[in-house]
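Should a chain be cited, it is by its letter among A, B, C and D, assigned in written order, with residues numbered from 1 in that chain.
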Amino acid sequence: MEPGIICRMVTAPIDAAALAAEVARNSDGAVATFAGQVRDHHQGRPVDHLEYHAYPEMALEELRRIGADLAARHAVGRMALVHRTGTLAVGEISVLVAVAAPHRREALACCAAAIEEIKRRLPVWKKEFFADGGAPEWVFGPDEACAAAGAPHPPAREITRG
Amino acid sequence: MEPGIICRMVTAPIDAAALAAEVARNSDGAVATFAGQVRDHHQGRPVDHLEYHAYPEMALEELRRIGADLAARHAVGRMALVHRTGTLAVGEISVLVAVAAPHRREALACCAAAIEEIKRRLPVWKKEFFADGGAPEWVFGPDEACAAAGAPHPPAREITRG
Amino acid sequence: MKVKVRYFALVAEITGCSQETLELPAGATAGGALAAAAARHGRLAAPGFTPLLAVNRRHAPQEQPLSEGDEVAIFPPVSGG
Amino acid sequence: MKVKVRYFALVAEITGCSQETLELPAGATAGGALAAAAARHGRLAAPGFTPLLAVNRRHAPQEQPLSEGDEVAIFPPVSGG
């Protein structure tokens, strides 16, 4: 692992403030963070909780590859890339990115790129459990892919019902 | 003040985690934060501490105008715009932006726009006190303006020495 | 040759197991491992559902050649974050 | 007419005070207030240094007309964050 790139797959709650403090050095003027958290609704249905499943060995390696790629492309200091798995309640943090850099634009650009890469590449899957009593459903692909597809996940539904 | 836009000029230390928690609602899937903090060097000189001065009444109004402008342009939930004044040590947070939104891209874009506007418009000035024993100096304009100008702040230096 | 095949998320629900060892012909690709898995677990081949592949913990295209002892993973489009 | 003029940061160091009341002719602009301040505090007019202006707690251009009782602020380019 690159020094200064903190990559973790965790099951315990994510402490965003601790990670932001962990990445910031005195030579950095900027710390950008992004926290993804469980929303109380998805496509109009009330969400009770989510289950996050991972391919844990690959996920950790993939976080490290993402971190190394980003460090090569952005003038940043330390960064933290952390994803949680298991059962998460509404409002809990599922993913956290923290990037420290001498200047703000690099920190912000690297933070934004990090969450895009994580959503695109990290072998993690979420299953939604609804508060309306309906059967739980797997989410396929990042949010915008689902939204772009119109009707939500028809192929997957066919499979789960088949 | 717009509901959901937290604007504060403070002298006490800024608690980033508390502000992130303050802006996040259960309907938000994303919280982006940006913290500016005092660097230990500037243009090759070691910094001991900074003094931040403000036009306090205008600064608070300007934060509220910035927040209202951003809320009108970005699909976000609550946000916090907080700037600290007084004497700040290396590593301390001078400015914090926290933006919650249903989706990550809106949160990140609004957070980045907020810090740009704050740097451009907020009536706050910083004076650098160096660890090398040199006389303190006012910083003029945002970092990139100084860097673009080549030699650092010549007109201002003439004035202070004149 | 033998490869270890791991299943995740909906794919693991379909196969009913999290991993198994498959015997593949020499020269087989990651896509060949998927085809062999689908032959055992028919719903993996449902129209419109294209699982993703990884070989030795890296994303891999269908054409990627396999070697004895490789770890192949078959899983749905990722949805982390 | 009378306006309240406030000075900040380096400008306050130059003037040696944080605010004063200036008497300006009717129809004066924010730039006129700056010129009046510079007449009293010569170094405000140093070449290459262009202070910024605010009227009633909003950024204002030099041409902005003033009214009796306005609060004009004169300050250096901002450097917060």
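Details
Criterion: a contact is a pair of C-beta atoms (placed from the backbone, for glycine too) under 8 Å apart; a residue touches a chain by one contact, two chains touch by 3 or more.
What you see is a predicted model, and the numbers here were worked out from it, not measured in a lab.
Of all chains in the assembly, none touches chain A and also chain C. Between chain B and chain D the centroid-to-centroid distance comes to 24 Å (mean Cα coordinates, whole Å).
Centre-to-centre separation between chain C and chain D, using Cα means, comes to 72 Å.
Chain B and chain C have CA centres that are 50 Å apart.
The set of chain A residues that touch two or more partner chains comprises 36, 104, 115, 119. Shared interface positions of chain D, defined as residues touching 2 or more other chains, are 81. In this structure, the chains touch in the following pairs: A-B, A-C, B-D. Residues 16-17, 20, 24, 26-41, 90-91, 102-104, 107-108, 111-112, 115, 119, 143 of chain B are the ones touching chain A in the complex. Residue ranges of chain B in contact with chain D, taken from their complex: 36, 52-55, 57-59, 61-62, 83, 94-95, 115, 118-127, 138-142, 145, 154-156, 158-160, 162.
Those residues of chain D whose C-beta lies close enough to touch chain B in the complex are 6, 8-10, 13-14, 43, 46-49, 54, 57-59, 73, 75-81.
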